[in-house]
Every structure is written in C-alpha cells, then in structure tokens.
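Note that chain A is present in both complexes that follow, paired respectively with chain B and with chain C.
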Partner chain A sequence: MNEKSKTLLRNRPSLVVLLWLAGIALLLAFPFLINQERYILHVAIVVFFNICLATSMWLIWSLGFVSFAHAGFMGIGAYTSALFFLRLGLPLWFGVIAGALVGALIAMVVSLPLMRTRAVYFFMASWAVGEVIKRIFAYYRGFFGGWEGLFRIMPPKLGPLDFANRTAYYYLAMVLMVLIVLVVYRLNKTRTGWIFWSIHEAEVLSSHVGIHALKYKVAAFTIASALAAMTGALYAHYHTYINPKSFDIWTSEFALVHIIVGGLSTAAGPVLGAVFLTIIDELLRPTEFYRIVIFGVILILTVLFLPGGLESIPKRLRLRLWKLPEDKDTQKSIAGAFGKGRK
Partner chain B sequence: MRRALLFVAGLLVLLIAFGACSRGTPSGMIQDKVIKIGGAVPLTGAVAYWGICTDQAWKDGAEVINARGGVKVGNQNYKLQIITYDHKGSTPDAQTVTKRLIEQDKVKYIYNQAAAGTIGMLEISEPAKVLTSVACWGYLEHYGKDFPYHFRSEMSDYEQGFAYMPFVKTKYPGIKKAAFLGPDDKDGYDCYYSYQRLMKYYDVQDLGVEYFQWETTDFYPLVTKTLQKKPDMIITSPTPPGITASIVKAARELGFKGPVVSPGASETKTILEVCGEQADGVVLPVTLETPQTQSQKDLAERFKKRFGEFNLYAGNLSWWVYALAEAFTVAGTFEDTTKVADALEDVVLKDTYVGTARYAGEGAYGIKRQGVYDCYTMLIEDQKGFLADVRFPELPPGY
Partner chain C sequence: MTLQLTVQMAITGVTLGLIYGLIAIGLTLIFGVMRIIQYAHGEIYMLGAYFLYYWFDKWHLPYWAGFVMSAVVIFFFGAGLQLLLFRPLHGKDMLYSLAVSLALIFIISSAGIIAFGAVIRGISSFVTGQIRIAGAEWTFERMVIAGISLVLIIALWFLLQRTKIGLAMRAVAEDPETSSLQGINNRRIHWVAMGLGSALSAMAGCLMGTLMFIVPSMGFLATIKAFMIVIMGGLGSVPGALVGGFVIGFIDSFLTTLATSELAYIIGFVTIFVILVFKPSGLFGQAWE
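Moving on to the complex of A and B:
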C-alpha cells in the first residue's frame, strides 16, 4: 500500500464524522427544502421506519442470523404503546420506553432457547415466534383488538408542539432513526461488535477462545428487538391504527431485502437499502401491476451487478477513480472482502 | 466497475420502462375540465384479482362517460380522470396511497377494494371529507353514521342473503338446520355474524361454525366435524371458487346431499372442474355468467375489447362510477363532497350489469350507504351452471 493510500485511510474516521454531520444537516433542512409537502414527508417518515427496522435487524445479522420474528417485536412495541395510550391515557413518551422494555424482556426469554438453534432451524423457529406473536394479537380480541386491530392511537404532544403535525412527526421519527443507527453503528465498532462478528464467522472457534457465545447472542437479539419495539411504538402513533397483519413475516422479509440490497457488511447497508428500495417502490406505484415486476428486476439487477450491495459503490468508485491501492493483488483482496462480512 | 456501470445502465432502462408504463394524462384531458377520481386498489398480491376487477370497472365506466361528453355539473361538462395506485392489499400501503391521492393528486373521490385497504384508508379519508366507494363486507365498527363519506357499494353476504335465502327455501323446502364454514380471520368472523343474523331471520337453526386456515388444502377433517352436526345446508363465506370446490368435494364424498351456498365464489367453472358430478346443488349468489340484457352483453363485449378479458366480478362493480357521475349532476357540484354524498344515497340506476342498483341500509346501519342490487343466483345441476333466480333482495322491514 502506498503513502497516499495510507494517508487517506488514516483520515477516514474524520470523513465519516463529516458525512454524519452533513447527513443530519440535510435531514434537518429537508422539510423546508420540499416546502413541507405533506405526502413527501410521509414517504420520508416511512423511509425512517424502514431504516430503523432494517438496521436493528442487521444487528442480529452481525451474529450470522436472520430473524423472521423481527416484525413481531416491532408489533410488541406498537401494541404496548398503543395499549398504554388507549387504556391508561399515557402518551407515546411512556409507550416507547415501555414498549422497548417489554420487547427486550420477551426477546431475552425467547432468545434463550432460540439462540441455541442454528441455520435452517433458527429460521424456522424465528418464523414460528413471529407467527405466534401475531396470532396472540389476533386471538385475544378483548385485550389486543383481534384482527380488527386498535384504532385512534393519537400522536403525542410536547408543550406547544403537537406531533399530529406531519413535519413535527418527521423530526420525531428522524431522531429515533439517528438514535438507532448510531447505537448499532457504535456497538458494531466496540469490542462487543467484534465478538458478534467473530461468532458470525466461526462460533465454535470463538467459544474455544473463551467467548460465551450464547450470552452475546442473547444480548444482540435483545438489543435489536428492543430497538424494533421502539420503532413499533412510533409507527403505531404515526399511523394511528395497527393490526396483527402489519407485523407479519412479510414485514421482516422486506427488512431483510433492504439489508441484502444495501449491503451486509456495514451498518450503512440497511440504511442505503431501506432508502433506495422504499423510494423506488413509491416511484413505481403509478405503474400499477408492472410495479412488482419492475421492482423484482431491480432486485435481481442489484444482486447480480452489485453483490456487495449499494454500500460497495463508494469503494468500487474509489478503487477505480482514485486508483487506490495501485497494486492489483491488494485491490483484489479488498474487492473480495466486499460482501463477505467484516474481517 | 463494469458491473456498476451495467447496474446503472439497467436502472436507466428500467426508469425509461417505468416512464412508458406509467399512466399519462389521456389525450384531450389537459384541455378539458376534469374531475379526478383516485383508485386505491390491490393490483398485486393475494387479493389482486379483486383489485384489478374494481379498477377495470371504474376505467371502463370513465371511458364510456367521457366518450359521451363527460359529466354535466351545473352548466359545464367535465371529463373523469382516473388515477390508480397499487396498495397490495396491505393496510400501511393503503394509508400511503390514500395520502398520495388526497395530498398530492388532490382527489376528493376514492374507490377501494378489500377490508385491509379500506380500514387503512378510512382513518385518512373521513377527516379529509373524501368520499369513498368500496367493496368491504366486514368491520362494521367502521361503518355507519360516524363515517358519512364512506359508501359500501358492493352488496355484502348479509344483503345477498335476502335474495338467496328465499330462493333456497323455495327450492329446498326441507331446510331447517344450517352450518357455516369460513376462514379463521376477521373476514370469516364477520361473515359468520352475517350468517347468524340471516338464519335467525329465516328461522333456520344455526348449528355453529368451523373455521379453517387459508393455507388449508385438506378439508375432510373440518367437513367431517360439520357433518356430525347433521346440517340440511352448508354455507361457506368468503371463500373463493377453489376452496368452495374443495369443501363441496369433501362434503359430497362424506355423504352430504344438501345444498352448499357460497356467496363469495362467483364462478362455476372451477367448481365444476374440481367436483364434476359432485358439484350438483351448489348455489352461487351474485354470479351472472351469461349476460341476459343487451346492456349486459354490450358491457361484457366492451370489457373483452378493452382489457382482453371479462371477469364478471368487474361487471358486478361496474355501476359504481355511473352512480357517482349521476350524483355529481344531481348535486350540481363535485367540489362539495357532502352534497355529493347526499345526492349519491338517493341515486337509483336501472339496467346496469346487476339490474337495478341503489343504496340502502338506513335502518340497519344508521346511514344509507350500502349498495343493494339485483341478485343473480346460479345453481349447478346435472354438471351445468345455470341462472336459477334473479331477484332484488327482499330486505327486512326497517332495513
């Protein structure tokens, strides 16, 4: 690696901080850039929710697991907050904390047996957990509202600020999104994050060097589920209506697709995937029944031509345009690392 | 890098395709005065068939009305412009579509299909005073006086019952007991509730219900349990033709000889193919497979030319757009949705694909917003489906 490469790589963290700040500044200014157009703000809020769900799901992926129960935990947060509001009159501020706690508690209990399974068994078991959560909401009609769901879950107020205003809710959803992305990003950078990836790469080997794999797996699952539950709480108070079908396996599957298209190896992947696919899906809506075909073709194109996901585009451009690093062997080794998880 | 370039090129091609596929303004529409009508329908996903039929019905009706010169409102003629978005039958998607139609496209009239989409829509459309015309049989908590802009234009299995039950009781006079089979979800529960009210009204003993999962393919266990109650008649709803056929086949092979009524199946072909001679005795309300009048025949031909096919379910819904157009003229406005809603509830159309069509239900639901029309009931006998009965529902006093 030459000096130019080393200098640029050394400067990378500050670039990341700059990008974060620029991104947040853009998000803060966005409603005014679009003249507070209500429909576009709605799409932005949906994008934020999708980022939250995909990013929290990615935390479980960092262990090497794909949880199809993830939307179920989003549902737990949504129902907890909705019930706090409808039964006790407590606003979202209580509901979001209660939702996270209930979600975390259930996730911890469920993950103790769930995280002992692997591969296809984990897939099946997590699917079953998601389905059971959905069915519980549906069957206990008196408490959870049954298939009809719960209605009139109003947005909160904070002093003079009424979050029924869409611009206000945009900022609320944005705060949650930044919080979740930051938590997952920072956690991924810590020693704990490295341990998650070591379990991802070689669980048996990790155990042999003294890592209590189950403990870390339960921790990651619990944190990710709590974050999904917080997303659910904000989702419920935004849409003002929830039903069990809103949190079924398809919601988890879409979050997984966002991760795959965005990229699997960094926290930027789910963010990019959720932004890209949510906007594309919305743009395609006027194409009526061609929508699903075109959407499918885009997915196939992405997987075929960008195997590392959208997150690999800057690296590919850097490699090509800045010709970094110059020696082809290192280039190949870096290019090969895209999409293979963090090494 | 080559891959990235190919990816970008592929995306560009798709965006061009997207531009080509997306619906533009119909020719001449820019110069004309238009009334925008939004379609929030499932065009993809599990209930796409219903959504596509609904969309076809509105688009055909709008084309016909526009070809006649449009809708007369006051002294002006207006063309109808249909803007359709797919919501996949999902509640959150339906909310997004409704917001797009109301906030971006500025529509004041929306048609929708299926319960999940309707419920998602109502939370937004009612406060915005947007008039909605939908096909939704259940969720009665979200219908009535508190939802004054919400018209349920498709006749539900409850209203259908007041047409098919008199026919069934005449055709099979020995019927005293009935059992119900339905899906284990909100749609199934609501249809069972309709069935209970009907059986009580017609003095038929209700032997109870068996619920099935949508994924069920083997109906023998459920039908066995149903037959243990010794019903004279089985009613299944809302079940598509394939599931109806599976239930009929199981019932016949287990020795049941009475009629099986399926208000949601609406076609005989699948049932005949699956059940063969065992299909005899299947009753299908609101199923006009062979158009009778000239206007019904014209409509079927027009659909075939325009869409390459004619689904009779689209025919059943084809009167909605004409009723709304009539209400614009009567109200003398399309901007005041309250006046249009008041006018729409009194519109009576004759000679539609479903005969006479109007809104009713003031006594039953507290507001006159439920579509009611002639019920064409098909019966399968000697392995052939034929039109056995046509009647306007004999609605109870005070309905």
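Moving on to the complex of A and C:
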C-alpha cells in the first residue's frame, strides 16, 4: 500500500462528513420542496442570518467571553457594503469583502484595549463598544443617514442571475451560512480551537504553559467580528434598507439567547438554537407582544430545566433510556471548572 | 453660557445624579452580594413607577403611602424573583443568571405594554411652587425629590455600616464561605439584598416618574444608565455607584442642554470604555472573576 492510498484511507468520509453533505443537499433542495413559497423562503433567509450571527458569537464564547458588540460589527459590515453600493456603485461582491476587512480592522484595534477587561467587565465594555458604533451611525446624519438609515441598497446581479429573486438570495445566504458554520466548526476542531477552550477554562494556567492568551483572544474576536460583518453586508442587500436600530444591543442579545437555548459546548448549539427560536418566533408573530413574553418564558425554562441546551437532548435521552449514571463532566466544563464565579 | 443656565444645569445634574445613584446602588448591591448580573433592574424600576401611578393618579390614594407601598411590594417581588429564579442558578456561570434576567426583561417589558398600554403618562406632582435663586428656577418638587434621594442613600449607608444585617450583607459580599461559617444564613441575606436593591430601584422609579414621565419601555433606558454608572464606579462598590451617578447625571444634564442627547450617550459610553481600559475593574471596583 503506497503513501497516497494510506492518506485516502485515513481520510475516508466519516459519519460527520456524510451528515454535513446530507444537510447541504437538503438545504439545496429545500426551495423546490416548498415550491418556492416566498414567505417560507424569507423565514429561511432570516434563519440563515441568525445562524451566522449566533455561530460567530459562539466562536468568541469558546474563549469564555460574551461580546455584546457583535451586532455593532454586523452594522459595520452592513454600512460599509451599503455605502460602497450607494456612493461608489460597487455591488455586494466588493461590499462583503470590504465590510469584512473594515470590520476585522476595527475589531482588532478595539479588541487590544478591550481584552484588558475580564468576565463581567468585558461584557459591559463590549456593550459600550456596540452602543458607540450604533450611535455613531445615528449621529453622523450626512454620511450614515441618521436614524432614518440608508435606502435602496439593491441586491447584486451575477451574469444572467438577478439576486432580487428570493430563491437566488436564499442560495446566496445559504452559501454564507455554510461557510461561516464550516469555518467555526473546523476552527474549533483544530489545535487553535483547543487553545481557545484552554483559555476559556483557565487563562492563567494556559499562559503558564506558553500560550500567548492575548494573541488568541484578539484573533478570535477579529475573526468572529469579520464573520458578523459579512452577515451584515448580506443583511443590508437583502432588506435593501438599514438603520442603526437594526444593529442595537437586542440583536446581540437575541444571538446570545440562541446560543444559550441551543447549547454552549459545541458548534451545533448556536445552529440548533437559531433554527428553533427563529421558527418559534415566526409562528408566534400574530400574537404581537405575547410573542416576546413567550420567548422569555422559553429562555427561563431552558436555563432552569435544560442547562445544556437543545444539543444536550440526545445525550439526556440516552442516559435516561439506558439508565446510565449522570455525567457531571459536561456540566462542569460549561460552568468553567476553574473557579469562574465564586461558589 | 450664562450663570443662570449653568446653575439650572447643575440643579438638574444633581437631581439626576442622585436618582441615578439610587438605581445604581441597588444594582451594585445585588451584584456585590450575589454575583449575578441583574439585567432586568430597569424593568423593576418601571414597575415601581407604575405602582405609584396607579395608586396616586388612578385610585387617588395618598402619595407618600404609595411611595412606601411601592417599595414594600417591589421588595417582595424582588425577593420572590431571587427565591424562584436566581437561587437555583447560584454558583453556576454568570451567563445563566444573565440569561434569566434577559428573559425577565422580555417578559416584564412586554407584559407592561400589554397591561399598561404604550402611552406616555406622568405621575402628578405632590407639591407645586418654586423660588428663584441666582436667576435659576428651584422648584420645590425637585428639591424634595433630591432630598428624599439623599435621605435614602444615607439610610442605606447607615444600614450597611451600622446594623447587624448590613454587616452580614457586607460579610457575604466579602467571602460567602467564611460568612456562612460564622453562622450567617447566606440564602436569607441573598433574598434580603435582592429585595432591598429592587426596592431602591422602585423608589427611584417613583421619583423619576414624578419628575419626568413614565412609559413601559423606560426600564431599558434606566438599565443602560445604571450599568454605565456601575461599570464606571466598579461593580459592588456603593461609593463608586454614587460618584458614577453624579458623573452620568452631569454629562446628561450639560450635554443634553448644550448639544444633543445623542452626543451625551456617545460621550458617556466612550468615557466608560476609556475608564475600563485604564482601570479594568472600574474606579473603585475589585477584579471579580
């Protein structure tokens, strides 16, 4: 057996890869399964955006931080792309790259001082960052359009394909979603991902074994913010209209809720949470304000009775069915074994 | 900028600073004793204000009795929240208590819109009249409100420094394990502190509602302010909350008059960011892990 066939054998498609391929195939076929119903396509696109946000936020969480500046960076991407289109006439393809670059640059500059703060202070400092970004959009009326926002941000064209068509935009959003989930999922599996979790568990200890914690923290924050900015660019060209309110703290908070309800310990958590909650949210839309009340109740019930989130359901079922002893390790790793929050 | 305008803005700054201080002290007390982020603190403040509105303007009962009743009712409401929702999460990651209080914001503010209607209302004044000093209007209402806030803050200081239960609270905040070894019932201290913090917030709501207006969405704005103040002063620090309250009160009063409220927010948040960069745990805070 030569070297090449050995590698092939080692890299034979595992169950995970097959699941990924099946999932992507299902998503590709989805518009035709529902007969290209416009409303359902719209919900699917919203689900995709929410998955993008929640998953990229989860990347920051894998280092033990919750960034409330996330919606702000989504806004940076959206405004960059919108201004590229409105001022320079360049379509989304340039805007999404420019948005990611601008988002990454600002994220990197901001995160250097931001990462000095810890735990609860980080959460509030990042909130301040997000709030300043949003209010700067509102304050400079001439450039960013103030509270009224920017209009007529048209979807791009690619040869004969016009993305004003909702089915076409569905595929565009899907590509971004798959890309982001894949990046975060793969990154989490690599050595870098393990280093992220080691910082999450015990930052001091990991710096003692030679990990440059600040470098990894800045890198993760920058990558995640750039991914959020790309989501923002697609968001702007889908809705064709943006204002600062779309990128306020609530957007970040909903992403956080998606992660908590979905589960905190694997990349599947934010995906499950975003899909489940966005669909619930759409179903409850006719109930107006009761929808937010029910949302809150679901969140409280999840935190109190299902602390591992939706992703822990299969494991719980397995434990229940086979009457295995409760596994404390998962709980512990989520709660942060090394003294996060004094007992 | 004339003297008259300066004095007027200073009066507003002091009044706002004292009321903000009340909200923020409640928040910092809750964090200090329990290490939870009570994100729905502003919604509690909203509930307190609406209680007084119904008591005084709808049922025509005496103002001060309503003020006290609001504090008492919200005290038990806060204590109930602690016993029902926050106690099971004690000792877990802060994210869980953050999630629960986030859910409380969703529930209370939307239920508030359903129950009270999204209309701007005001609690009527309990006293009218004014005098002019240095060209500025000193309304009696504003002076009484500032006085009440000051009395409440001093009373809280007295409670924390000079009474047994205050000592117990400080002990729990300092070191929960050692304090329970000394025979302090930590769980009881927790719900008392939660109730007390909520009651302070409710009373601030009553005063602010009398001074300005009430609307079901006022809670989140108060949460923003309270957190700005608490971060600035350092979480768990009562003097820090008072100093932060004055800083934000003055920024609000001066910049809103001289420029726009937009700029007041931007400057406020930039100030916080800068403070946190140079002092990562606030002006008077400790580094909580």
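The criterion applied here is as follows: the second predicted complex is superposed on the first by the 303 of 343 C-alpha atoms of A that agree within 3 Å, B and C clash if a C-alpha of one lies under 4 Å from a C-alpha of the other, contacts with A are read in each partner's own complex, and residues count from 1 in each chain.
Keep this in mind: a residue touches a chain if its C-beta (ideal position, glycine included) is under 8 Å from a C-beta of that chain, and two chains touch if they have at least 3 such contacts.
Owing to the predicted nature of the structure, the values given are computational and were not obtained by experimental measurement.
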**Request:** Quick one: on chain A, after the overlay, do chain B and chain C clash, or do they fit? Just give me the call.
**Result:** clash
**Request:** Scan A:V46 for contacts with chain B and chain C and give back first, second, both or neither.
**Result:** first
**Prompt:** Taking the superposition as given, does A:T287 touch the first partner, chain B, the second, chain C, both, or neither?
**Reply:** first
**Request:** Determine, under the contact definition given at the top, whether A:V66 touches first (chain B), second (chain C), both, or neither.
**Result:** second
**Contacts of A:T240 with chain B and chain C, given as first, second, both or neither** = first
**Item:** Partner chain(s) touched by A:V297 [first = chain B, second = chain C, both, neither]
**Value:** both
**Message:** With both complexes superposed on chain A, which partner does A:I223 reach: first (chain B), second (chain C), both or neither?
**Reply:** neither
**Item:** Partner chain(s) touched by A:I180 [first = chain B, second = chain C, both, neither]
**Value:** neither
**Request:** Identify which of the listed stretches of chain B (7-15, 97-105, 187-195 or 241-249) has C-alpha atoms clashing with chain C after the superposition.
**Result:** 241-249
**Touching both chain B and chain C, residues of chain A** = 138, 289-292, 297, 304
**Asked** Which part of chain A faces chain C closely enough to touch in the complex?
**Response** 66, 113-114, 116-121, 123-125, 127-129, 131-132, 135-136, 138-139, 253, 256-257, 260, 264, 289-293, 295-297, 299-300, 303-304, 307, 334-336, 339-343
**Request:** Would you tell me which residues of chain B are touching chain A in their complex?
**Result:** 1, 3-4, 6-7, 10-11, 14, 17-18, 21-23, 43-44, 48, 52, 55, 83-86, 90-92, 95-97, 99-100, 103-104, 116, 119-120, 123, 139, 141-142, 185-186, 189
**Asked** Can you list the residues on chain C that touch chain A in the complex?
**Response** 31, 35, 37, 85, 88-89, 91-96, 98-100, 102-107, 109-111, 113-114, 176-177, 224, 227-228, 231, 235, 262-263, 265-266, 269-270, 272-273, 276-277, 280-282, 285, 287-289
**Item:** List of chain A residues in touch with chain B within their complex
**Value:** 37-39, 42-43, 46, 138, 146-149, 151, 239-241, 243, 245-246, 250, 282-292, 294, 297-298, 301-302, 304-306, 313, 316-317, 319-320
